[in-house]
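Take a look at the structures below.
Paired with subunit B in one complex and with subunit C in the other, subunit A is shared by the two complexes that follow.
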Partner chain A sequence: MTPDMAGMTTSGGEAFLFWVLAPLMVLAALGLLFVRRAVHAALCIVFVMVSLAIMYIASSAPFLGVVQVVVYTGAVMMLFLFVLMLVGVDASDSLTETIRGQRWIGLLLGLGLAVVLIGVVSQAAFRPGTPLTEDQVANPVGLARVLFGDYVLAMETVGVLLVTAAMGALMLTHRRRLEPKRTQRYVAEQRVKALPEGGTLTPLPAPGVYAQTNAMDVPALGPDGRPLEHSVSRVLRIRGQEKAAPASLVETGPAGEVSTVRTGTDGGEDA
Partner chain B sequence: MDITNYVVLACILFAIGATTVLLRRNAIVVFMGVELMLNATNLVFVTFARIHGDLTGQVLAFFVMVVAAAEVVVGLAIIVTIFRTRRSASVDDVNLLHG
Partner chain C sequence: MNGVILAAEGGVAADFSAEPVLASVVKAVLIVVFLLTSVLFAIWFERKVVAKMQLRPGPNWHGPKGLLQSLADAMKLLLKEDVNVTRADRVVYLLAPMLSVSASLLVFAVIPFGPTVTIPFTDFSTPAQLTDFPVAVLYILAAASVGVYGIVLGGWASGSTYPLLGAVRSTAQVISYELAMGLSLVSVFIMAGSMSTSQIVNSQAQIWWFIPLAPAFVVYVISMVGETNRLPFDLPEAEGELVSGYMTEYSSMKFAWFFLAEYINMLNVSAVAVTLFLGGWRAPVPDGFLGDALNTGWLPIVWFLVKVWAVMFFFVWVRGTLLRLRYDQFMIFGWKVLIPVALGWVVVLGGVQWALTVAELPRSTFLFAALGVVVLVLLPMMFWPEKRRRPEPAEPETIDAFAGGYPVPPLPGQKLPASERFGKEVAGSDQ
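Our next item is the complex of A and B:
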């Protein structure tokens, strides 16, 4: 972290760090270009951002390194992952080209941009100034002096910007309620109204609780020992994935009644 | 090692980000490309602050981070709204100005 005296060259340790991190960062960034799933792209970007934070700390900007981790990987990328969760994790790209030749033109433009930028940087001669002093690097006081001294107006404006952005996000994602809210009172009244048509006042019984197993696909047994078909999820019933109640618990009595026995293995369930 | 290697790395990252914006269809991945470009510029700011021994570059990188955070919030809100109405996050599907 010590600023070197020559101004334009780095220490050996930092060079090692750079040559380890830089190829990995470029690979991860290329992953953004070639990976199919958006979640994998997000992970690639997280790797690039954490590596950038390490580089900031190495190149005498420890405060920015910490802010990079907190703001970018902590807040921004988590927001990305939240939105991916909302939109659907498996929303992968379509590979059909809507504009003909877009892929090759895009690649060509990107390569051209890289060549131009690197050409300019390698041709330019940088005039080394005075390196940052140890005191400037070690504590953020100098940074705060510039931030709240020279750029105080920009700082205030950025505050307004943040509030505006929060309000904008609230406005954009706000949904107007189209139907009346389902309150507890409404649900209770609907249940009472549905009583003549065979509805129940109580919630549906949970599956499997009174049976031998606790599985979702086994119907519960009522107090009379009959399996309660409607205790199994409707989806499982439609798919035909419902299992019969344990045979050992259900047996038809002599008078056609259903009774429960503990040991019988030949009982059929005919409820 | 020459310090300008950092700038070269930033150039490569910026170009990859720009290519991502040009090539990918998923709006969220396109947005990640924009973030990559912003990060690359931040690396340039930090490197030049080091070369010139001036903390202003670091302050500007800090501002870029704050503005990027605000931009992400609004952009992702727009993507969520578009997804709600059109059931798709592909930039190709948003070809009508109404709706």
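Our next item is the complex of A and C:
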């Protein structure tokens, strides 16, 4: 294949790649519109982005392809997903209209955009691409020369703009600290101070009686055999979802006192 | 065709222009086989080394020295019941572990195992590397960032609290440490003048980059541990807090996939550390030693593997030594220490490179100038007014040390009264 021919036609491998990837990309793009769950839509975008990157690489633009994955898939979409994830697995978009007639407005604007796009695309002339020649420099180096040589001022300005935006976002979400920071030492000292008022030095006991149950809502038994109420999460206690300790372990004594029934061999195995 | 153009430019050292498709396929299969067996070995290696560090025997039952233990574990995982969570999002739940594994398998495609080797009994020569292109190291970062999706989606799709918390932690962690990692790699790009792995290995003929670029190497090593979610940075899996993080709801083979991905990722970051900082496949001898016999043919593959396993040993050593960090400490360390240090180092290195190569200052002038800058920075620091001391805490109140007849320890801010025996001779002490 001569160099000028290479510019006009695609190689067999590239054409195959295109015809495999392109329909899948279109499907994924349609999926973005029609799937119900936000996370699925995000996954569709990710698929389109990665396929696009593969196509860039196939058209000898490896830098563009790789940066597409690192920046858009790895950082931007990940942030989106990060937020969506917190919405939960069962959440799906609500389809109620919040603005009256928004469907019709959206449809109209979409039609307008379609008309503009079709007009532009039909007017565009597609010149055959020319492959890189020997004296042209490599992908990243050539890009770097353009960005940091010819357009260095624009580049720096955009950088300053982005940093300013980030600083602004930080300032808007920043809250002045009104009270001193609760450091580890402070918390430890507070715990010691709370001792005379019935506080504990150690973390609270874990719930569950491990021999018979390990449920979160069952109180643990203390060394004296009494159930420890505060071993169950405060939330469960407030909701009234707490269960009693297993009846076989706790027994109400004659004086109404709770005590443990000692059953089975109690360390007598060795004898 | 693309291969020719790419190889001709961008300073890729290895030549893939005459590579038949069959050779690429064979190499790809060999890499996958290498990775899978390495993972089996790595699990045994880790358990054995940690056991030695903790003075216990470790796995010693199946096979010689317990070598077949991980094989037995893998078989057990394969045959276990595959539990699907009812509340899970089926498709994504299945997709996540696959994504994790396939992304982790991608990295070794651009890692050079050795220089050009000749297949025995033939004239066929080929680079001991699947492929290479001008942005190979960026490709590694891209593969790593796709791998995070496996963790995030796995945690989300399980429809359960602990996995979700693990996934959120993991995402924040991997993204933050990827920044520090990328910045530390930049200094290697500056020195090597290329982002192609084979060219970076070639540029280390005189000196391995971990010596001149020591700060970047330290940042890389720390962030590579953070990136692979290993102790002391294993917060996404923290057993004591999150059961096992994003993979809590996974069982059987799906769990094994996550496990596999984790260990392959360890191998990946180790191989990247070796390739970029530790001389790649180069023998640990000076350049030109024995007429470069140690750096040609099949022998370099041995050097490469030895170095990778040395880094793996470091991973295990760290795991056996250090405790898990608290999450906020860990994030503060990443954002307020690692990233500024890495960024500052890149700026310093850029300045040095500019002075030595672009401005072409003589070395002596440059050294004097550098000394001047250091003095200029240090002088104000010496005469900087000292920070105002914190106000002295109030005089501690003295308590009754025997309230109610029991010895009472002082609370914070309290002081014991001076002992009555203070300064007295203890009877019979000078016998």
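Structural remarks
Here is the rule we use: the second predicted complex is superposed on the first by the 144 of 271 C-alpha atoms of A that agree within 3 Å, B and C clash if a C-alpha of one lies under 4 Å from a C-alpha of the other, contacts with A are read in each partner's own complex, and residues count from 1 in each chain.
Convention: contacts are C-beta pairs under 8 Å (C-beta built on N, C-alpha and C of every residue); 3 or more make two chains touch, one makes a residue touch a chain.
Nothing here was measured: the structure is a model prediction, and the numbers come from that model.
In the superposition on chain A, A:Pro62 makes contact with subunit C only, while subunit B stays out of contact range.
In the superposition on chain A, A:Glu189 contacts subunit C only, with no contact to subunit B. Judged by the touch definition given at the top, the superposed model places A:Ala215 against neither subunit B nor subunit C.
Once chain A of one complex is fitted onto chain A of the other, the partner contacts of A:Leu111 are limited to subunit B, with no touch recorded for subunit C. By the touch criterion defined above, A:Leu143 lies against subunit B but remains apart from subunit C after alignment on the C-alpha atoms of chain A. When the two structures are aligned on the shared chain, A:Met78 is found in touch with subunit C, with no touch to subunit B.
Between subunit B and subunit C, it is B that contacts the larger number of residues in subunit A. Of the two partner chains, subunit B is the only one that A:Ala41 touches; subunit C does not reach it. Legend: residue contacts after superposition of the two complexes on their common chain; A:Leu86 is shown touching both subunit B and subunit C. Once the two complexes are overlaid on chain A, the subunit A residues touched by subunit B in the first and by subunit C in the second are 60, 63, 67, 75, 86, 131-132, 136. Those residues of subunit A whose C-beta lies close enough to touch subunit B in the complex are 3, 7-10, 14-15, 18-19, 22, 25-26, 29-30, 32-33, 38, 41-42, 45, 48-49, 52, 55-56, 59-61, 63-64, 67-68, 71-72, 75-76, 79-80, 83-84, 86-87, 91-94, 98, 102-103, 105-107, 109-111, 113-114, 117-118, 121-122, 126, 128-132, 136, 142-143, 146-147, 150-151, 154, 158, 161-162, 164-166, 168-169, 172-173, 175.
Across the complex, subunit A is touched by residues 1-2, 5-6, 8-11, 87-89, 91-92, 95, 133-135, 138-139, 141-142, 144-146, 148-149, 152-153, 155-159, 164, 167-168, 171-172, 175, 178, 195, 411-412 of subunit C.
Those residues of subunit A whose C-beta lies close enough to touch subunit C in the complex are 1, 6, 11, 37, 39-40, 43, 46, 50, 53, 58, 60, 62-63, 66-67, 69-70, 73-75, 78, 81-82, 85-86, 88-90, 131-132, 134, 136-141, 189, 192-193, 195. Those residues of subunit B whose C-beta lies close enough to touch subunit A in the complex are 1-9, 11-20, 22-26, 28-29, 31-33, 35-36, 39, 42-43, 46-47, 49-56, 58-59, 61-63, 65-74, 76-81, 83-84, 89-90, 92.
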